[in-house]
Each structure stands twice: as C-alpha cells, then as structure tokens.
Amino acid sequence: MSKSVFVGELTWKEYEARVAQGNCVMMLPVGALEQHGHHMCMNVDVLLPTAVCQRVAERIGALVLPGLQYGYKSQQKSGGGNHFPGTTSLDGATLTGTVQDIIRELARHGARKLVLMNGHYENSMFIVEGIDLGLRELRYAGIHDFRVVVLSYWDFINDPAVIAQLYPDGFLGWDIEHGGVFETSLMLALYPQLVDMDKVVDHPPAKFPPYDVFPVIAERTPACGTLSSAKDASREKGELILQVCTEGIAAAIQEAFSPQS
Amino acid sequence: MSKSVFVGELTWKEYEARVAQGNCVMMLPVGALEQHGHHMCMNVDVLLPTAVCQRVAERIGALVLPGLQYGYKSQQKSGGGNHFPGTTSLDGATLTGTVQDIIRELARHGARKLVLMNGHYENSMFIVEGIDLGLRELRYAGIHDFRVVVLSYWDFINDPAVIAQLYPDGFLGWDIEHGGVFETSLMLALYPQLVDMDKVVDHPPAKFPPYDVFPVIAERTPACGTLSSAKDASREKGELILQVCTEGIAAAIQEAFSPQS
Amino acid sequence: MSKSVFVGELTWKEYEARVAQGNCVMMLPVGALEQHGHHMCMNVDVLLPTAVCQRVAERIGALVLPGLQYGYKSQQKSGGGNHFPGTTSLDGATLTGTVQDIIRELARHGARKLVLMNGHYENSMFIVEGIDLGLRELRYAGIHDFRVVVLSYWDFINDPAVIAQLYPDGFLGWDIEHGGVFETSLMLALYPQLVDMDKVVDHPPAKFPPYDVFPVIAERTPACGTLSSAKDASREKGELILQVCTEGIAAAIQEAFSPQS
Amino acid sequence: MSKSVFVGELTWKEYEARVAQGNCVMMLPVGALEQHGHHMCMNVDVLLPTAVCQRVAERIGALVLPGLQYGYKSQQKSGGGNHFPGTTSLDGATLTGTVQDIIRELARHGARKLVLMNGHYENSMFIVEGIDLGLRELRYAGIHDFRVVVLSYWDFINDPAVIAQLYPDGFLGWDIEHGGVFETSLMLALYPQLVDMDKVVDHPPAKFPPYDVFPVIAERTPACGTLSSAKDASREKGELILQVCTEGIAAAIQEAFSPQS
Amino acid sequence: MSKSVFVGELTWKEYEARVAQGNCVMMLPVGALEQHGHHMCMNVDVLLPTAVCQRVAERIGALVLPGLQYGYKSQQKSGGGNHFPGTTSLDGATLTGTVQDIIRELARHGARKLVLMNGHYENSMFIVEGIDLGLRELRYAGIHDFRVVVLSYWDFINDPAVIAQLYPDGFLGWDIEHGGVFETSLMLALYPQLVDMDKVVDHPPAKFPPYDVFPVIAERTPACGTLSSAKDASREKGELILQVCTEGIAAAIQEAFSPQS
Amino acid sequence: MSKSVFVGELTWKEYEARVAQGNCVMMLPVGALEQHGHHMCMNVDVLLPTAVCQRVAERIGALVLPGLQYGYKSQQKSGGGNHFPGTTSLDGATLTGTVQDIIRELARHGARKLVLMNGHYENSMFIVEGIDLGLRELRYAGIHDFRVVVLSYWDFINDPAVIAQLYPDGFLGWDIEHGGVFETSLMLALYPQLVDMDKVVDHPPAKFPPYDVFPVIAERTPACGTLSSAKDASREKGELILQVCTEGIAAAIQEAFSPQS
C-alpha cells in the first residue's frame, strides 16, 4: 500500500511522513473531458499527464495528486471547439478556483514544491491565474517559499531528431496535434484498449484563418473532431514520447527546485 | 471499447449515440481527498461512489462521468476535521461551480437525467446549490425538463435486518462511520490492497458536544482520524452493502425518472 | 437604554465598553423567511433563535446582534422545499458572504468570541463556509484568537426524559419537525398571537425516499407545508424546551470559551 | 394574526392570497447597524424605514418584508466613517446579492411591485446594482413586468415650509444629518426609550474638504460620531416628519405603480 | 519622451525612477462612455478628468495613469439613464475589481499615494468599494501606508463668486449638469472640435420625483439626453472652471498627502 | 465631428444612426500597461491595436470603441513577467468581466458584429472567456445572432515574403517579439516620439526552458525587459506591417461577417 506514488492511495500518516517537511515534489495532472476523434476515448487529456506524472514521480520520488478530470472549454484551433457532444468543460473561474484551493491546502500540509502537469492546451492560462491567486494568498499567510512549476508535457518533445522520428513527413505544430499522431501514439503505448485504429479518419491537417469566430463555425473543424490524422500513430512512437518526456521532465523538475534556481 | 459504462472511455460518437436523445441516465460520483485513518487510503470517497455508480450503471444502462476528486472541507463530526495533513478540500463556491458547469454541458449534449452520487457527507449542500444554480441557468436557456437526482449511497442501507447484520452490537449513526466499519468493509470488498487491517486503531466511538467550534479543537477528534473503529469490518459486510446499495439505487433511479414521478 | 442585550439598542460607546476587550460573547441569530404551515407565521426561524439568544445572553452577559432575516433555500425533507409562496431564500454565496463580513467587522471592534445560533437547518453548511472564509481572512490580518461556536438550538434537546415529555408517542427525528410540535410549542410559549392552533393540519409524518429530486416534486410535501402535525404542541412544552435550551446553551458557551477548551 | 402588514407575521396561505396576483406592493426596508452618536442606539437605520414602511403599508394596503439589518460601509461625510466600534457593515457585493436574491424570490411568488425603502445613505448604489442584476435575471426568465421603486425616506421632506419648521435656524443638508435633528426627532416620536437626550453632544456641524481620504482620517469626524448636533430634536418634529413622509411616500408609490406611469 | 506626465508614455525605467520611492502622487482618471446630448461626444467623462489630471500633475509633479474608459451604469437623475444607445457601462463588480487590481499593482511598484479623479457621478461608490477592498488586501500584505484620495473634480467649484459667474441666472445643482453648461464649457475650452453648439437642445432643467423607478421610465429624461440646457456654455467659462479646478485640486492633494494630514 | 471612426467622438445620435440596425462592425482594442524595454513607452499594447483598428475601420466603415487600457498579467516568456515596475495588470476575472459587460451593452444598442483586436498576448484566453460568458448571457436574453471575431493583429503577418523582409536573418517566433523589431517598428511608424532607438539594448534573444516557474525567477528575463533586440527596427518595417495588417484584417473581417460564413 505505501509504495504508491499516488496520494489517493496513501494513508494520511504515510502522506504526512512524506510531505510535511516540504521537500517532496507534489504533482497535479490537469486534464479535460473532451472529444478526441472517432478512434479514441474522451479522457485522453487526463490519462496522459497522469501517466507521465506517475513515471516522473517514480523516478524522482515525487507524489501524484488526483488529476483534475474537467478542463477549460475546448477551442476550435487546438481541440476542435466546445460544441461537440461529450466535451464537458468548466468556466475559467471554476478551474482557476480549483487550482487556488489545492495550493492553499498543500501549503497547509507543509508542501512547498508543486508541479502542475497540463494535458489540455486550453487550461494553460486559467492554471496560471490559479497559481497567481494561490501564491498571493500564501503571501498573505506569510508563506513565501512555495514554488510552482507548470508545464505541458508535449513541450518536452523539442529535440529535432525525436521530432523527425515522430513526423518523418514533417511536423506541423502542436496546435493541430489534437487527436493526432502524438496523443494517439501515447495512448497506444499506454492504453491500447481505448484506441481503435480502424476508426481513425484520414483527413488533411486542419487549416484555420488567423482569427477566431464565436459562436464557433462548426464546419471549420474536421467532422471527426481530430485536427490531423492519427493514421501514422504507433505504439513505438508512444513509447519514445513517453521516454523522452519522462526523462526531460524529471530533469527539469530537479533543476527547477534545486537551491540554485 | 464501447462496452464501458465510463464516459471517459467512450468516443464522442459513442457518447452522442447514447446521450443525445435525453433518455440515458448520467451518473456523477462526487468524492473527496480526505484522511480515512491509519488503515485506509485517502481516496475512499471517490472510489466507493464510483464503484456503486459502475454497478448501477451496468444494471440500468446508465453512463458514469469522471468523478469529482476533491470535495468540501472535512467537518469534525463527520470526517474528523479539515486540519489533517492530506485532507485536500475545495471552497464551497468551487464545488458548487463545478456541479453547475457540468449540468450546463450535459444539457448542451442533450442529456436530461442526471444522478449525483455523493461519497463525502460534507459535499451535500454545495452540490444542492450547484444543482439549483445549474437548473436556474437551464430555465434561462428555455430548458425545463432536466431532472437531477442526488443521493448519498449509504442512505440506501435502511433495512433494519441489514443494519443488524452489519452492526450486531448496535448501530451508532452514519455521522461517526467515517473510516469505520461501513467504509472499510466496502473497501475490503472492492480494493483490499488499499486497506491494512493491522493498522486499524481500536478506539471507542467519537463523542462530540452538540455544537461546533472553529478553529477546530483538534483534540476532540480521535488521534488516528477515524470516528469509530473499523475492527469489525469484513469483506462479506462490504459485499452485502454493495449489493443492497446497487439494488436500492438502481430501483430508486428508475422510479425517480419514470414518467409518473 | 444600556440594559439591553441587543446590540442594536446600544450606543456605540456602550458597545465599545462591552466589546473592545474581546471577552464579551457576541451572539448572532441566523434565520429564514419560510412557510411554516397554515397555522404559523413565516419568521419563526428568526424569532426562535433570537429568543433563545436573548435568554442565554441575559444569563451569561453576552450581546445579541441583529439576526439574519433571510436564509438558505428550503429543502424538501427539512423545510418542505423552496417552491412555496412566501419562502424567500438567499443563494448560498450571499449567506456565506454575510457571515464572513460580520466576522470581519466584529474582529475590527475587538470581539474575539462569536456564537452563531442557527434557526433554519438549511443554513448550516453556508454558515460553516462563512466562518471558514472569515477566519481565513482574520489570519491574513494577523488575528489568530477569534473563536466561533456554531449551533442549532434544537440539538440541545437530547435528554431522553425531555424528549419523552415532548413526544410521549415517540420522537421521529428533527428533520420532520418543520412546523411541528417543537417549533409550534416554542411559538406558543413566546409569541402565541402568531399561532392559530385551529388551523393546524393534522397529517401523518412526511415520508421521503432516500434521495432528493430537483426540480422538487411538490406533491411529496404535505400540502399544508408542515412535515409533521403540530396538534400536540403546547405552551408548556414550549416553556420546557426554552428552559432546557437556555440552560444547555449557556453552559455550552461557557465551556467552549473557557481557557481550557 | 392576519391583520399584520409584516410578511413575517403572515402564514404562507395569507401571503399567497395577497401576493400571488401581482398587485400587492411589497416593501423592503434597507438599513444598517451603525453608530449614531452618544445619545442614540445603533439600529436607527433599520427602525426608521421599517416604521415608515409600516405606516405607508397600512395606508395603501402594502406588505412589509423583514428589513435588511446590515448595510454598506459607513462613509465619513454621511455616517462618520466605518472605523467606529459597533458599526458593522457588508461588502458591496453582499448587499447587492441580497437585493438580487430577494427580487428573484418575490417574482417567483408572483409579486410584480417592489419598493425598497433605504434608511442608510451609503446603501444607495449597491441597492441600485442589486435591482439592475435582479431585473436582468427576470428578463432571462421571461418576466418583463416587475417594477421596482427605490427611495430614501428623507427625500420626501422637500417642502420649504416643513424644512423651516424643522430647522428654524437654517438647513445645512442631508449629508450631515447623521445622528442629528432629523433622525433623533423621528426616534423620539417612535422609540423614545432608545434615545437619551442628556447624552447629545452639542458640536458645530461637521465640515469636510471636497475630497475623501482612505484610510479615513478619524479626526475629521466629530469625536461623538454625529455630524451635526441633535440638541434641537423633539418628538413633535419627529411626528411631523413621520406624517409628511408617510403621506408623500404613499402618494408616490401609488403614482409610480399606476398604469399610466 | 521622459517629460510626459502620462505613465503610458514613460519607459519602465523612467517610471521606476519616479515611483519606486513612494513619494510620487499617482493619478487615475475614472470615466465612462455615456451619451452627453445631441451636441457633444460620448467620451466627455474620460476627457475631462484626464485633462484636469494632466494640469494638476504638471503643477505638482504627479503622474497620470491611463484612464478608465468605461464606468458604472448611467442613472436617470444624474446621467439620463442607462437605456440610451451608446452609453456602455460596466457592472459594479467589474469597476470595483479594476480599481482594486490597480491599487494592488501600484503598491507592488512602490507607490503609496494615489488620487482617483472621478469624471462620472455614478462611479463614486464602486470606486470607494474598490479602494476599500484594495487597502484591505494591502493590509494582508503588510502594507499600511498606502493612502488614497478620491474626488470628483466638480466638487472644487464651490466658491459662490465662481458659481455666480458660471450661472448668472442661478445654479440648480450638480445633479442636472449632465451635458449642461458645466461640461460643455469645459469641452469648448479643451476639445471644441468635439462640440457642436448648433445642436444644443434648449430645454428646461429636468425635474424628477424624489424616487427612482426601474426599469427606467424613459420619458422622464429629456429626449435629447441632457438634464439641463448647454446653451449658455462658453469657452471662457470652461477656462475658468479648468483654472479653479486645477488650483483647488493641486492644493487639496498637497494637503491630503502632507505629513500632518 | 461625425467623421470620426472613434465611438467616443460621436454623439449618441450619430452612434445610434450607425449601430442600431446591427450591420456596423464594432471594434474593441484590448491592450495592457506593460514595460516594453528601455527604449519604448508602456502603452504600446494599447496604441498599436488602436491604430490598426482605426485604419481598418476607415477602410471598411467600422467603428472603434475606447480601448481597454489594462490587460492580464505579463508572462515571462511573452512579456518578461509581471514583476517589473510599471507593468500594471488585472486579475483574469476583471478582464473577462469587462469584455462580458461590453458585449451585453453593445447588444442592447442593436450591434451584432464585434471584433476584439488584441494587442497583448496574455489577454487571449480571458478575452475568450469574456466572449463565451457574454454570448451565453445573450442567448438567455433571446439574442442568437451576435457574432464576435477575435484576433491578434500580429497573426496577420504570415506571408513568408513579408517575414523575410522584416527578419532577413531569420524569424524566431512571436513569443519573443516583446519589445523587439516588430512592435518597435510599428511604433517608429506611428509614434516615433515615444521611441528612443538610442536606448535599445542589444541582447541575444531570450531563451527559456520548456516550463514556467512561479514566483517568476526574474533573472531569466533579459534585464532590460525586452525578449529580443529591437536594434533592427525601422519605420519602413513598421509601415509595411501596418499595411499588411490593415489589408489582411479588413479582408478577414469582411469574410467573417459575410452571410456565407
């Protein structure tokens, strides 16, 4: 029981022993419930950062908090738009408040190091606001040494050699990777039973004008919901991504919380 | 892939096929991250209502949404108090906002029947407020046929014969069941690897005066965090509870959403 | 003029003399405007805790703040539901904010001891949240010695002999006492002119399934609005309740604010 | 019992009979808990508008809701400032939310005519915001015929002959009437036991520069808290004010809710 | 470049050199976008306080922050009402939040002296609330020496001789000066190209009953939107006003921030 | 007077004539007050989108609303971070509320077409949330035909030939253009008096790790505040940018609001 990296699987005494001194790195996956095309389940954005957190935590001795299951509203250019059935999103204030509340509580426990691992692009700025409001409150409470690292795991795929392996025909940008090769490969490596490659729709990469329209013009999103085709996804690519992310993020966290940072 | 009752494991097309007509019952487990004594993990209040939801959903053809992982602040008389390390709680407005947001989104998908299954006593009134604000919004949007059922699964253990089986020495009330025989038995039936019966602290039932004090007087809670001893918990009791709850709740939901209700 | 226990009837100089040192217990009745059947007026939940506060304050030298006249939304199983004409309720955030604001102001005056006396079941958790947010603010302001006691006066009727006197045919629980023997007896003792025993509707105790439905199914509440019949109410019972509550609460407050607590 | 103009003293059936058709004028006194000098109690701003409401309601067949007991923060130039002990004020959002909530509920009851009678100058704009937000909500609910009248009762003393009777030495403006001749005379007419004319401090009218400073410079307020001396107050003046206000407001309300307005 | 009194026209190094020590007076114009009759543009309430701020800042060595372009909802008796096309107003909470945010940021920069110059009557109380909430936050952050002066520039026209020059036929009160002689004369002195005296509608001063009605009864406002006629406005009057305001406000600010205040 | 494209410079009658039919495109510049290095003033993010709006509006017959002067908190990787003196930012909720309020008011005026032109990267998601909440409200009010276009003007520089002209040595990404060649060139073309090229600090482009840290590690931002050097900025480049943006945005708006979109 006590070997788990997941906070939810610890007793409070085990948690206290690990956390109260402030040195343990706490990791919070921040996800979404969002359509990911015809071929993949809707909790991808929770499963993937949780899996990365688990591997990083095992490597560096961190703990993983229960992930946030709902995220900010899907945007057309990064997630297809919030008009799809199944996509179930929060108002910005709700997500921001959740992050703020968790920071307040972790600080009460004695924690001083938090990593927010984002799995859903649209969450980013509302997470940032939650951190800002949370740290503001901690300052009022006289706590000045709580440090937060926030990252999106895909940003650690930045070695051109790796990108070339993943995208031998050229990389078109993270923005249209929604439900594409990147996420699908990771799911094939981690949860193949939640992917059905036969249902991948092979469509050209989504193209959008340099502006956004609200209410969304649904026709601008490929009808299947993905922004690029997942047909070239593979378990091997997923394992490569997982390895590169785990190593990169583990190193980054240690750097970010080292005394000289 | 499509056999799952968990919304997160469906594609949006599978979800749409099930939900868009409004007849499918949607179930949302509402939990907490809270200490449950020395012998049990901290995500009990998420695991248990999720497990009950799963069994009910399989029986009545419902779907289960990703559970809320964090709940309202632990109160001394029902959860030991919010001063324990590990207990990680939300402000009331955050929980209320989350429920309201999810109702808004489900209604957009076409759903009209929602069950909120609460696994953490302290959540109750903030869930109620989220429902009230959510339904108010739906009325503004012209939606008048969205019905919500809210329940705490333990309220379905009300047959004196069952209670006598669970508590042969007498039942002392749900309020002090925090981390006691009831929850521990269920965990033994469902997740025995997350329980360590050797660490159960055998203490007399907690007694409290008929008022509450804030800030909490920590000494009033048994030091281990449970409000009654789990020493008489057993897998068999857990299976009984699970069976009674599943049957009772399945029947209640069908009654609550029947046209004559 | 200066003999009053009611803050509103003092001058600010009299108030300052009593409060600024922090030892005076401040009492805040928290009520509601809610239907109480055909036989009783709608401000019962303000009048009763105010009357109890007055008696306790006279006994222990406390002061009584102006009571909150509006409370949280009536729930079907404890107040009949919020669909009745006349029942006039606040959103949870409004009630919570009111409690938080009053705590902030009392602390500014120098007060350090506050009792919130609740007269309307549904208020409880929103009062708790107001206290939590209020004390959080005080900590930011460097005030750590403000203590709040919160209670519902009926919880002090727990002596089986007293209960037997009040309910010779058996007690069915506080939840269905809405507009029943308990409140009506108190009103007969205190404000008989606001009760008309001839209009009491004699109906069997309300029965509800172990779940709630929203929007409320109005037919599940007895049509008159009470949850049990008040026909056995009497002035004598009311005087007994008043005496037991006053003594019990006075003792509890002194205990709760004693240095050893 | 049913003769009362006070909503709190009616049963819900009596209320329903009066209100559900929408023609009954509902009146809400909006007060404060605020210092009023050495000679007068602190709930003046609740007592006075409630008394005026009662008299107007008796005359025109209106009903009076339970008054708001706490108001917006006292300002130096109109109430002496919010730094006095005893003055217990709400944040603007709390007052606004309370007004909005009450409007929503009255509309649900069928009411369509509301008068907000303000007794505390500083409340004015937060009442206006509550009305605006409340009516906005009603529009979303499809209710377009709810009309609100808002007034401060002193604005009905505008006949120069009356002013000359009240202030034979000249009138210096409502702003410095805080705790002065006007309010004290009314209290003498209505609640003489809550006034002690021997404690009136005779000081020259407060003078302020044409700007405000925050945090307030306490020395700019007369030390006793009133902004002009109440020494010339009398019961006769109070009765005159009461008569003029009652007549003027009764006429104004009838005009405001007449079909041709 | 560095000679400007406008913060927006400085580099951050220039700003830091002026502000970080806390002695520099910061001025924030608070305006509105609101109809001002047929003869005048809609940003009068921004242009005028900004112009006064500029002149005062040049005289006393202060800096002027970018003005708030939108204000609180126009009220019928002071601005004609919020029903006019073009009038574009904020909810109270939005204006309050903006003021609070700016105070928090200025304090972070080291500033300790702020003047809020209001150009739109309806803003006043929401500015006051923003100041109160802002200073409350600063206290939590341990900052106790931040002082705010708030003023409406027209309040500095209080010399009877000046008023007689501006209104030789008698002054009727600031409340009906909306779009009248006062504002129009200032605009003629400062921005004559934004005034068209040929389009002034000559109507008698607006008269209102001593109460307000919501939704507003549009017919009670003169159809052109002004509350008194601007026909007697002149550039000379505007220059006089500008001179008197500049001198009076400059003196007041120096007094308000002097050590003895 | 009536020739202006700026709403603030119109009378309400002129505005009504243009706007009430719903066809006129309304443009709202959304800026910030933020450090832009040693060589440039702090209101760049207001001036530039306002200038682009003006040119586009002249071309397509649109109107320009008063720009928002304050924006969301500067982020280290796109604006250097919010720790600089002078940078004066809003909480997310304040910016979101401002956008929501303006949408509500424009809809009341009859407008149905709004363009939000963002000049500060960090605003983006809070603008999106304001639009979402604003359109939600309009749906409650029965308004379904209000369309919003949101854009950042720099996204219209996407022609490789133009980029090659602006960055002959290679383009490094919009993220580090804060205070660099792009914005400085535009300022040289539009407001050369607010730029001092002699104070440009020539430093290598900022490099950041693929994660963010809060509180910000100030040393990671170049000390002068810009993220890349502006030394290659020129008036000619600015004029080119202005021309390309104006043309591109004018065409985009016409496309976005055409009936077939």
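Letters A, B, C, D, E and F name the chains as they come in the text, with residue numbers starting at 1 for each one.
The working rule: a residue touches a chain if its C-beta (ideal position, glycine included) is under 8 Å from a C-beta of that chain, and two chains touch if they have at least 3 such contacts.
Chain by chain, the UniProt names read as follows: A, B, C, D, E, F = Creatininase.
Since the model is a prediction, treat every value here as computed from it, not as a measurement.
Engineer: Could you quickly compare B-F and A-F and let me know which has more C-beta contacts?
Structural biologist: A-F
Engineer: Taking each chain's centre as the mean of its C-alpha atoms, which one ends up farthest from the centre of chain F?
Structural biologist: The chain farthest from chain F, judged by C-alpha centres, is C.
Engineer: What is the distance in Å between the mean C-alpha positions of chain E and chain F?
Structural biologist: That gives a centre separation of 26 Å.
Engineer: Please tell me the distance, in whole Å, between the geometric centres of chain A and chain E computed from their C-alpha atoms.
Structural biologist: 47
Engineer: Chain D: which residues touch two or more other chains?
Structural biologist: Touching at least two other chains: 91, 93, 140.
Engineer: Would you please name all pairs of chains that touch?
Structural biologist: A-B, A-C, A-E, A-F, B-C, B-D, B-F, C-D, C-E, D-E, D-F, E-F
Engineer: Can you name the residues of chain E that touch chain C in the complex?
Structural biologist: 139-140
Engineer: Could you please specify the touching residues of chain D with respect to chain B in the complex?
Structural biologist: Per the stated touch rule, the residues are 137, 140-141.
Engineer: Looking at the complex, which residues from chain E come into contact with chain F?
Structural biologist: Listed in rising order, the residues are 1, 6-13, 15-16, 19-20, 33, 35-43, 46, 65-70, 84-91, 93-94, 97-98, 101-102, 105-106, 109-110, 193-196, 199, 225.
Engineer: Over in the complex, which chain A residues touch chain F? Could you list them?
Structural biologist: Chain A residues touching chain F: 72-73, 75, 82, 91-93, 96, 122, 124-126, 128-129, 131-133, 135, 147-151, 155-156, 158, 209-215, 217, 248, 252, 255-256, 261.
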